[in-house]
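Multiple structures follow.
Next come two complexes, and both contain chain A; in the first it sits with chain B, in the second with chain C.
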Partner chain A sequence: MTAPRREMLGYAFVAPTLVFLVAFNVFPLAYNLVLGFTDAELVARGFEWRGTANYGRVFADPEFAQALRRTGLFVASAVAIELVLGFVVALALRARFRGRDVLLTALLVPMMLSPAVIGLFWNLILDGNYGVLNQALGALGLAEPQWTTDSDFKFLSILLIDVWMWTPFMLLISLAALNSIPGTLYEAAEVDRAGRWTVFRRITLPLCAPLLGLAALLRATDALKQFDLVMAVTGPNDERTQTVSTLLYQVLFRDGKLGLGSAYACLALVLVIALATVFTRYLDTLARRST
Partner chain B sequence: MKALRVLVLAAWALVALLPLVWLGLTSLKTRADTIRQEARFVPVLARPGAGEPEAPAFAATLEAYGKLGEVHIGAEQSFWQHLGHSLVIAFFSTVASVLLGTFAAYGFSRFRIAGAKDWLFFVLSTRFMPPLAVVVPILLVYRRLELGGTHLGLVLLYTAFNLSLAVWLMKGFIDEIPRAYEEAAEVDGYPLLAAFWRIIVPQAATGMAVTAVFCLISAWNEYGFALTLNHSGAITVPAYFAGLQGSIEGMPWPQVAAGALVFVVPIVVFTVLVRKHLLRGVTFGTIKQ
Partner chain C sequence: MAPLQRSLLPLLLASIFAGCSSKAAESDEIRPVTVWWFQWPPAAGLAELAQDFTRETGIAVDVRQIPLDSYQEQVFQEFGGNETKFDIVIGDSQWIGRGATKGLYEELTEWLPSVIALDSIHPRAARYLCEYPEGSGRWYAAPCETDAIGLAYRKDWFEDAAERTAFKKRFGRELAVPATWEEFRDIAQFFQRPAEKRYGCAFPTGRAYDSLTMGFQNLLWAFGGKWHADDSNHVVGHLNTPATAAALEFFAELVRLGPKGAENLGYGEVLEAFQNGSTAMLCNYFAFFPSIQAQYGERVGFAPVPGKDGRRVASLGGQGLSISTRIAPERKELAKKFIAWFLQRPVQERWIEKPAGFTANTAILASPAFRAQTPYNAPFADSIDTMRDFWNVPVFNELLNVTQKHLGKAIDGELSVQDALDQLAAEKERILKEAGLLP
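Entry: the complex of A and B
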């Protein structure tokens, strides 16, 4: 086949996907940007130009700042707790024993489930009056908080469900990281009579770090979108649990303010794109280091 | 050290699995048994005339599964019908994203594409878009085209959403197929397209199956787009269940548990089937083992 024809064929293979993705991602971004300067509403047809009035409102809105802080706090605590827990469980699962693979598969199930459906069911477990968690806590003589309704505990409840769902993700990647460490390093450390803690600090941790970083970034980009669990536990308009995504839902679909919501969305997307850029750069460095 | 390991594993296994056990138990209860002050967790078969079992036992019943066929107050269709919508949407979007994703991955793997790396990162970054931040323009266009509330609307959307995963996973799998096969075929005078169908596709079959499972699961579980685009018509199971919240009668917990169990069983089966490839799937193929 002649070279130019071959080259054209390559583009033919990738074009449908790229067209699809541009249509469903770049086009909405551009459209959002335009809508953000209007007073468009969900039910009304037609709109008027509002200039930068929406952006003025967004920047002056304490709710948006609050949702941003809340989301940031959620991402940071979810990633940190899940990473530590997942890594600790991975250390315990590192040795081979009978039934290990079955146990591992069972432990990974939660992350494959639907957060919306399972999150809804968690309301029954966490219920302050008849929930099984509080009955267990009560039997142990511990406090029985109103997990989903007490304003000091709502956020914690959502975090708890997220930790339950996503620690398996960190466990899976931590195990891969641990398995990638060459056994010869540990043998050398044994010859040198290095202590357990030294081995962990000088070999295990640094060699796991790149993959753990990848896991943390992947999880962070996902947690940044947190919507399903908040909807399931408190709904979109609770000042103690409102994340950026649920604030958007409230403004766009409950209040029906498409123009204002689009301005919010554009600002939120700046953050998402920034994090996505960090992630892809990191991936690039990792790939380059391993080749 | 070994004792500590066992302790950690046992503790986490309890945390991870008890909620799922509770889901199973709840699906076997009557509504009254789900909201008792004294939790009941030992299922016993109800014998006629034996009276109600004492706590912690409860009379196990399949009533909730039977009620899945009923239309709940505030909904227009039964659980099974919503499950049907979920099936149709997940199936067709999976087929579409695996096919398109395989084409694109082959293109990126075997041809020189200008700016290939930037395109690949663009493809990956589409995965990070929060649904709520891009849904309004899609909603407005869907209104024009009358795609809101239809199967096709969500099929198209989920295909777009899953393409990032499909392209990255398939590129990993296709990169691993030795080029020598295709070169031999080309020398033998096969046209390139025939080489794709006769060599790449069979070699990448496992990869395509794994990719399909991951696309299927994310389409099956998706909630943000489903809630905002299909709040009437073809409502998928996650949006249907969420809609039961705040109904006057209170949550029908046994039906929710039974439905949730029916809904997650296929996912558990698929998870077991692709357990060797889970790592690849959740990291977009960037970690291979």
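Entry: the complex of A and C
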């Protein structure tokens, strides 16, 4: 095959993917950028240019600032709790014991379910009046909080559901990281009479760190989009639980403001990219250290 | 050609041909008149009633029931396209401003008087469900299901001799259906016995869409409060007044006389609180009352919402039939044919036999037969004269959103009532100014 022909064939192979990416990623992103400078509405024909007015509105909007803070708090809390819990359970499951595989499979079930379904059935569990949890608390003579309606508990309830759902993901990655550590390192540590804490601090944790960092990055970018659980538990406009995604939903699909919503979306995207960049640089640093 | 390929080729060609011909046959058929409504008993009733239309005219009608939680979003996303899947949308009363000003709803002003005498439509239903701007005489919908918030109470508890004696001893008057909000509060206090899992009252207070606002409005207007000035959209100085503050404080007090979680109950949850036998009184839309009646029979009573100082106002509910502008002219004609049929008095008389098939036809509403038909029809007919609605301007959703948030903060004690109302008034004026509805 001649070189130009080989080149053409190469282009032919990547063309479908390129077309797909341009049509479904690049074009919507570019169109979203354009819409952010207009007064476009979901149901109106055409639009007029508004310059940077939408961005001015977004920066001045306390609701957006609050949704950002709420989302940040959610991401930090959820990822931290899930990471610690997942890693601890993985350490416990590293040892081989009878029924381990069955237990591991059972623990992985929550992350395989749809978030919307999980939100709905946790709604039933947490219902203040007839939910299983409050029935159990009541039977024990304990207080029965209104998990999904009390403004002090709503956010915590969503966090609890997310932790229940995604800790298995951290468990899975943690197990993979633990299993990738060569046994010879532990044998050498044993020869050197290193204590368990030292082994954990000097071998287990540093060698697991890159993979755990990657898991945290994946979970953080996913948690930043938190939508399903909030929609299922409290709806999109509850100030106590409103995340950036549900605020966007409110602005775009309920208020029908495409232009303003696009400006919100662009800023949210910039923040996600910034966060992802920080994470990836951190991972690079870890990788350089380990080599 | 390989034998397998030889045998598959005719099959493939046959299936392509069959596919094309069935597509062609489909396009030749008249598509049913498609009506979108949210999923609830009146929609099922309308689907049943529409079968009579099909029998009479040969035109099929497809009433699609969309889940309530996503109904608004699905409808307006449809309007975002060039052609809607529905010919008729049964839209919430608050949508009419957006439908009219954004060119989504067909204007019916010229056509409607040719099929019905407009004065046969209850003026409140016309004003809030059909016209935009309110009372302008420009029609964008025909009334479908007219609704208002009413009161349901446990008649068996109210008639219990021991309860009546205890109530009289404590309050110095008979235990009777409350005519004022103060009487309502006393009765709710009397039945509020959490240790016995018995509660005073339940209101719509949900934060997800509009429940809290609809629940509060019944007190807002009765206490002399307002959403905005009578003759303009000005809010500051009209909403954040002592009258509105008194209404909100009183409402917060009533919410505390409810079951656990009473500060955040959607319409369905209010119904659940009453139907699980724990709550003495509920305020909710009349459309929910048939299921209460079916469950409790003689043990339940119905009444209009109470009032204050001789003022009684019920939150409006219900929806109108609007024709999409984004359909072909011949489909608009079919839609008009269905609406014209639906509005006829004999059809309306069949409509009221369906669960919560509440009419806006004044003659039927005033008829003794209608009032006697069910225990909740008479209080409904009395409520319709007092009903009022929230904003229905194109930015109703943003106004509703801030209203829900600030009322919620006051109910939850996160803000004082006055601070919540001051902030709400300022937010509403900002939204209205941005929308060009305030100078």
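Just so it is clear, the second predicted complex is superposed on the first by the 269 of 291 C-alpha atoms of A that agree within 3 Å, B and C clash if a C-alpha of one lies under 4 Å from a C-alpha of the other, contacts with A are read in each partner's own complex, and residues count from 1 in each chain.
Note that a residue touches a chain if its C-beta (ideal position, glycine included) is under 8 Å from a C-beta of that chain, and two chains touch if they have at least 3 such contacts.
Worth saying up front: this structure is predicted, and the values here are computed from it rather than measured.
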Which of the two partners, first being chain B and second being chain C, lies in contact with A:Ser157: first, second, both, or neither? neither
Just to be sure I read the superposition right, which of the two partners does A:Gly10 touch: chain B = first, chain C = second, or both, or neither? first
Please work out whether A:Ala44 is in contact with chain B alone, chain C alone, both, or neither, and reply first, second, both or neither. second
On the superposed three-chain arrangement, identify whether chain B or chain C touches more chain A residues. B
Could you say whether A:Thr149 touches chain B, chain C, both of them, or neither, answering first, second, both or neither? second
Determine, under the contact definition given at the top, whether A:Phe253 touches first (chain B), second (chain C), both, or neither. both
For A:Asn129, using the defined touch cut-off, is the partner it touches chain B, chain C, both, or neither? Pick first, second, both or neither. both
Shared chain A footprint, chain B vs chain C, residue numbers 129-130, 235, 253
Residue ranges of chain A in contact with chain B within the complex: 1, 6-7, 9-14, 16-18, 20-21, 23-25, 27-29, 31-32, 35, 85, 88-89, 91-93, 95, 101, 103-118, 120-125, 127, 129-130, 132, 135, 164, 167-169, 172-173, 176, 179-180, 211, 214-215, 218, 221, 224-225, 227-228, 231-232, 235, 244-246, 248-249, 252-253, 258, 261-262, 265, 268-269, 272-273, 275-277, 279-280, 283-284, 286-287
Under the definition above, what is the set of chain B residues touching chain A in their complex? 4-6, 8-9, 12-13, 15-17, 19-20, 22-23, 26, 34-39, 41, 100-101, 103-104, 106-108, 110-113, 119, 121-138, 140, 156-157, 159-161, 163-164, 167, 186, 192, 217, 220-221, 223-224, 227-228, 237-239, 241-242, 245, 251, 253, 256-257, 260, 263-264, 267-268, 270-272, 275, 278-279, 282-283, 286-287, 289
Residue ranges of chain C touching chain A (in the complex, touch as defined): 72-73, 76-77, 79-80, 98, 102-104, 206-209, 259-261, 263-265, 272-273, 276, 395, 397-398, 401, 404-405, 408-409, 412, 414
Chain C-facing residues of chain A, complex: 41-45, 128-130, 144, 146, 148-151, 234-239, 250, 253-256
